[in-house]
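Letters A, B, C and D mark the chains as written, and numbering starts fresh at 1 in each.
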Amino acid sequence: MFGLNKKDTGILLVVAFLALAAPFILNPFPEGSAMAQFNAGYPDLMQRLVIFGIFAIGFNILFGLTGYLSFGHAAFLGVGSYAAIWMMKLLTMNVVPAIIVSVLFAGLFSLLVGWISLRRSGIYFSILTLAFAQMSYALAYSVLTPITGGETGLQPKYDDPRILDGTLEAGQSPRANLFGLEMNDGFELAMGNWVFTFNAGYYIAAVVMLIAFYLSIRIFRSPFGMMLRAVKSNQQRMNYTGLNTKPYTLAAFVISGMYAGLAGGLLVAMDTQVGAERMFWTASGEVVLMTILGGAGTLIGPVLGAGFIKYMENIVSKINKSVLEQWFAFMPDGIEDVMIALVYPFVGKGWHLTLGLLFMLVVIFLPGGLVEGGQRIAKMFRGKKASDDTTDASKTPAE
Amino acid sequence: MAILEVKNVGKRFGGLQALGDVNLNIAENSCHAIIGPNGAGKSTLLNCLVGKLTPDTGSVMFDGQSVLGRKPYEINQMGISRVFQTPEIFGDLNVMENMMIPCFAKRDGAFRMHALESIGQERDIIAKAEEMLVDMKLIDKREMQASSMSRGDKRRLEIAMCLAQDPRLLLLDEPTAGMARADTNNTIDLLKQIKEERDITIAIIEHDMHVVFSLSDRITVLAQGTPLVEDTPDKIKGHPKVREAYLGEIQEAA
Amino acid sequence: MSFSNPTRRGLIKTGAVASAGLALPTYLRADGHAGFTNAPQGSTVTLGFNVPQSGPYADEGADELRAYELAVEHLNGGGDGGLMNTFSSDALKGNGILGKKVEYVTGDTQTKSDAARASAKSMIEKDGAVMVTGGSSSGVAVAVQALCQEAGVIFMAGLTHSNDTTGKDKRANGFRHFFNSYMSGAALAPVLAANYGTDRKAYHLTADYNWGYTTEEAVRSSTEAMGWETVAAVKTPLTQTDFSAYIAPVLQSGADVLVLNHYGGNMVNSLTNAVQFGLRDKLVNDKNFEIVVPLYSRLMAKGAGANVKGIFGSTNWHWSLQDEGSKAFVKSFGTKYGFPPSQAAHTCYVQALLYADAVERAGSFNPCAVVEALEDFEFDGMGNGKTLYRGADHQCFKDVLVVKGKENPTSEFDLLEIVEVTPVEQVTYDPDHPQMAGGSLGSCNPGA
Amino acid sequence: MDAIILQILNGLDKGSAYALIALGLTLIFGTLGVVNFAHGALFMIGAFCAVTFSKMLSFSHTIIDETQKDFLGNPLKVDVPYIHDLFGQATGNAIIDWAVPLSILFTIPVMIGIGFVMERGLIKHFYKRPHADQILVTFGLAIVLQEVIKYFYGANPIPTPAPAVFAGSFDFGAMLGFDANSIIYPYWRLVYFAFSALIIGAVFAFLQFTTFGMVVRAGMADRETVGLLGINIDKRFTIMFGIAAAVAGLAGVMYAPINSPNYHMGMDFLVLSFVVVVVGGMGSLPGAVLAGFLLGILESFASMAAVLEIIPGINQIIIYLVAIIILLTRPRGLMGRKGVMEE
């Protein structure tokens, strides 16, 4: 189907199902129950999960296939975001032009950065990309304030020109839309104690993510994808086989930069504002972590990694002491206090600690990331028979 | 007619004159060996031919065109393939993929953005790659990861990858270095077969005189960066100058 | 999903039962009948406390959170009632807000606008918060304020000092109790002139982002109006940690006052560096060299240690104030937590109470009703004297404190002493003052 | 002229900090082949060693002073350090005043210990793993370390002053014949400069003139061969990791009075120190030192008001700009070796 083989079609269908059913899957706990704290089925987080999924999928095309570790991809996300918000300020609140322009600008910027950075490889390449991203961040935060809004960022305002849109009614604030369908439109479905939110913005982002994911499968399975893996494996042989590695790596770099721009444009479409912090080096580091955590070079790994980190950031950081008190309320007082004292450093304001520990555990015990973890579990269930079946669904020959 | 003409090539590294004034013609469809003691400049010369190094002086013409100033991949696209001392293959890829890559390079040139096509649909490439694997007796290992093969198989694969591009000139840099006797003999047989079956010129750098004398039509002896003699294998064996510079080694090896 | 704190066990059970049957607090849901986002259902109302819990302002965020917890306790009738006893409005009864028990959710802004918006969105979308408050930087305040305007909830800004928050980036649904750069400049200038004379040459080091720009502009224009001359103004990167390269040339320039338009870690480091360079021991133009820090906070003063001694700055509030409101707040905060509150804690506590009071007076949680109740609301007894929430820009106008680092602190909290309480008249400006120009409030948005 | 001398002085001082941090990083990379993202955290822990040590010195018992009131109007509790009871108030205060220099003695064993534990417990298992894995695991470790520090010490900076004798600044201007006050430099920063020079010199001397150092240098050049000689290079590498940790820690201790330590100061320096190492050439010790000073001086010049007037914002990007230019013109940094970290 869609020019994919059976196995890849399977993966695509699984991801499509997960994306479309996310409002159910992410809200497994009834409202009001103690576990409802772990529900993630609200629009903003669902949107972020798929958008950062796109970011990581794109990063994986560069890092997973060619092995070039860019430490500056957040800059492309930021450039895409700024391009998108300016389209919304100047042209229209419709998200389509914003997203197209964000991909375009990120593509151009990544072409420039890639063209320069790809003159070097290894850590030298990483530092070059890092340097570009840090310069972008520093300038966006300070001297470029007239263009970027600096510290306070940019938001669409009532009195922006927006030449394609009519003037807003007084008191209306500009809202991002897709030909009139507003991003925060939607409805809720209440089933017993469960409430499921279906949000237009999320589904738009999810469809874009599925297209992006489908394209990434196509790239992985294409001769071009094979060339990229060959670059990672042995550049010398590439050169002596009459292949010019520079345009291959540059193309991969630009494609992943465009994915980042797409993610940036979507972020703006879903949440109409940009701040320079999204270009800071830690944001670039985050996408590296997502990709490696999920499983670099695998198709589905980056999506899993992105989901995992964003979930941690948004859910675990909101657990405060009174939530813990409620969880452990059934315990006798003394034990309750001990439990709270034990758990408290790891949640709420300590969520960074949990994240750091998890990185370490995953890298130490699951070098192939979460995908490898899944494979090990699958192997345990399938028993011995599966042990020589190395072509696990989500694995690619890139491993 | 010479397919490769090397004229007055010289190369210095700092204070070291690696190549003095090298003149060398390699005739089309011949097998030409370049021998010489360690440090004679064999590898430097080879690197000058494939674009890894640029000579300070002189010219290198391949089939009437200069190779100087071109990048390795451009020179390869002109029809020169190189086999390395330690097999350079795509270790992370499987054997079939290793084989397909030169086929693509031959068909599509140095770069093509075939990002949305499926490998599975490239039937002509698959057919050609499979044919090469059958020829090289590697077809049973097509799904094997290349880095996990034996050294001899890696060498076969590398040669096969070079041949898949139908090069006019094949450069071999000590193809049997570090090989066991049996593997060496297999490689000699393979190269002999290639020489007979294909329209191809072979240039070989080799230490192992057994290999040199089994394969080559002409031999150039390089010493201290300059060609000492160039002649047929028989004559080289008895040449006094060669004996002087190189004697012990020839006799022991032969 | 949102829980109140003090009497935890009993409450949790009822809370769980109540919300299990009823409230479905996603803002898309409640719209239908109530006509505004996240209309509280059942017997509780949820507020969102969005403060920095990680990153450099985490300690300030922790203090804000303490203040909010205290405010919730007081609103629900617990504790000693705190400022509710001294507040000029007596709408609050200690029975929650409009009879609904106050519950809250917390989130981490990380002092990044993206993270702050994500956290605020989760409060609005997931937890059904009807008001979001908190934060410790202007970037975050502006970003979250814009979000709340779109979503149709009220935003009560925490610590944000840039003119922009109620200037060019003001929004109808957003309110700021904290003072701003203009007020700092206006309050400081006369005190500086009185202490250091009117013939001074100032050298500004300015954090290279919006807040820095507005602060530099404010201090410059007010000091220049007093007769000072500005010799140079150099911008320093936010990520700078060592300011030596910026401080070393100060003396060469012939300046005799250094103004550090820095906040947080930047201010701690630049002040420490400046003192290290011995600037304050120097005599320039036959005058003692002086350093000024326009925006002070006790937490920063603590970070800079002995270096703050004798250095002037301004602050929104300080625990050593002796009016009834301040004393009441210090007492109930100090009794609960064992140390005096910071200005961030004070402004956050007051904001929570002001919101609750406005809802009571409006008789509705509807953001538009709340906006109406808060606009041009005059009150007293909250620690800053008579205060006006101006309707034109949603900025509070009140006395501003000029403080000075204390020479002989008696404890680690006793670092600043109040030099002057600048009366409100002196720091009031027109809503269309050039430093505030460029924005418009729009009108209140109650949500879909 | 005096402005330029001042910025050179400044750059040397700044550069000495960069060089000192980068030195340990490149030492670990050169010997162990490990990209250590936790190096910044080691620097931060060093600074907190100074904080901890001065807290230990001023470990107190509480007496109630009825004559003073605290903020709630209760009698004031006054902390009296035990050290006052031991040595009397004057000597006690003098010891507390000298806490930072004294804490060097405390820091060295602590940091070497942390280095050993890190290397044996974690880093050792990553020698053969890809650099990306090393980066991720050490980055995770860095987060964990800084969160642990934050848990115990909070997020706010903690003032850790230098001894009172070092307060104030030295007037070079007067000495060199310029106007008074035209070139002043704080005593403590001069101490820091001298201290870094000492440490850098000691590390070089250690590697150059001892057998141990010779083996390690050989190991840096060709690990396998040295291993074949039957020398237990692993044990030496563990010791090197301890030394690198100690160097980072010492850089942190002495830095504490310059900038009040906070939990994220390691991350603030991490990117910078990587840039320094890479510009110097991965694994090259002289390269790291040279690049540290170079970037320090350039950064100082870029922050001059006169320069900023011509190119606004140059101070924000100068380091990265220089890094890009150097890497494009010198492929392996200033003094890097071929083939290192290029795959």
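One rule holds for everything that comes next: a contact is a pair of C-beta atoms (placed from the backbone, for glycine too) under 8 Å apart; a residue touches a chain by one contact, two chains touch by 3 or more.
What you see is a predicted model; the values in this text were computed from it and never measured.
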* Count how many hops through touching chains it takes, at the least, to reach chain B starting from chain A. => 1
* To do: Farthest from chain C by Cα centre, which chain is it? Let me know.
  => B
* **Most centrally placed chain, judged by C-alpha centres** => A
* To do: Give, as an integer number of Å, the spacing between the C-alpha centres of chain D and chain C.
  => 35
* To do: Starting from the mean Cα coordinates of chain A and chain C, work out the distance between those two points in Å.
  => 33
* To do: Measure off the straight-line distance from the CA centroid of chain B to the CA centroid of chain D, and report it in whole Å.
  => 52
* Structure fact -> CA centroids of chain B and chain C: separation to the nearest Å works out as 74
* For chain B, write out the residues touching at least two other chains, lowest number first. => none
* To do: Could you check chain A for residues that touch two or more other chains and list them?
  => 138, 141-143, 352
* Touching two or more other chains, which residues of chain D qualify? -> 312-313, 316
* Touching pairs - complete list by chain label -> A-B, A-C, A-D, C-D
* Asked: Given the complex with chain C, which residues does chain A contribute to the contact?
  -> 30-34, 36-37, 39, 42-45, 48, 138, 141-143, 145, 149-153, 155, 157-159, 170-171, 173, 175, 184, 186-188, 190, 193, 195, 197, 199, 267, 271-273, 275, 277-278, 313-314, 317-318, 320-323, 325-326, 329, 348-349, 351-352
* Mind pulling up the chain C residues that touch chain A in the complex? -> 1, 3-5, 8-9, 12, 15-16, 18-20, 23-24, 26, 28-29, 53-54, 58, 61-62, 105-108, 112-115, 117-119, 121-122, 125-126, 137-139, 142-143, 146-147, 149-151, 162, 164, 169, 208-211, 213, 235, 237-239, 439-440, 442-445, 448
* To do: Note which residues of chain D are touching chain C in the complex, please.
  => 2-3, 6-7, 9-11, 13-14, 17, 68, 70-72, 76, 150, 154-159, 161, 167-169, 181-182, 184-186, 188-189, 257-260, 262, 264-265, 268-269, 299-300, 303-305, 308, 312-313, 315-316
* Spell out the residues on chain C that touch chain D in their complex, using ranges where they run on. => 54-60, 62, 208, 232, 234-237, 239, 241-242, 244-246, 248-249, 251-253, 265, 268-269, 272-273, 276-278, 281-282, 284, 299-300, 302-307, 319-320, 330-331, 334-335, 339-340, 410-411, 413-414
* To do: Report the residues of chain A in contact with chain B in the complex, numbered from low to high.
  => 3-5, 215, 218-219, 221-227, 229-230, 232-234, 236-245, 247-248, 251, 255, 397-399
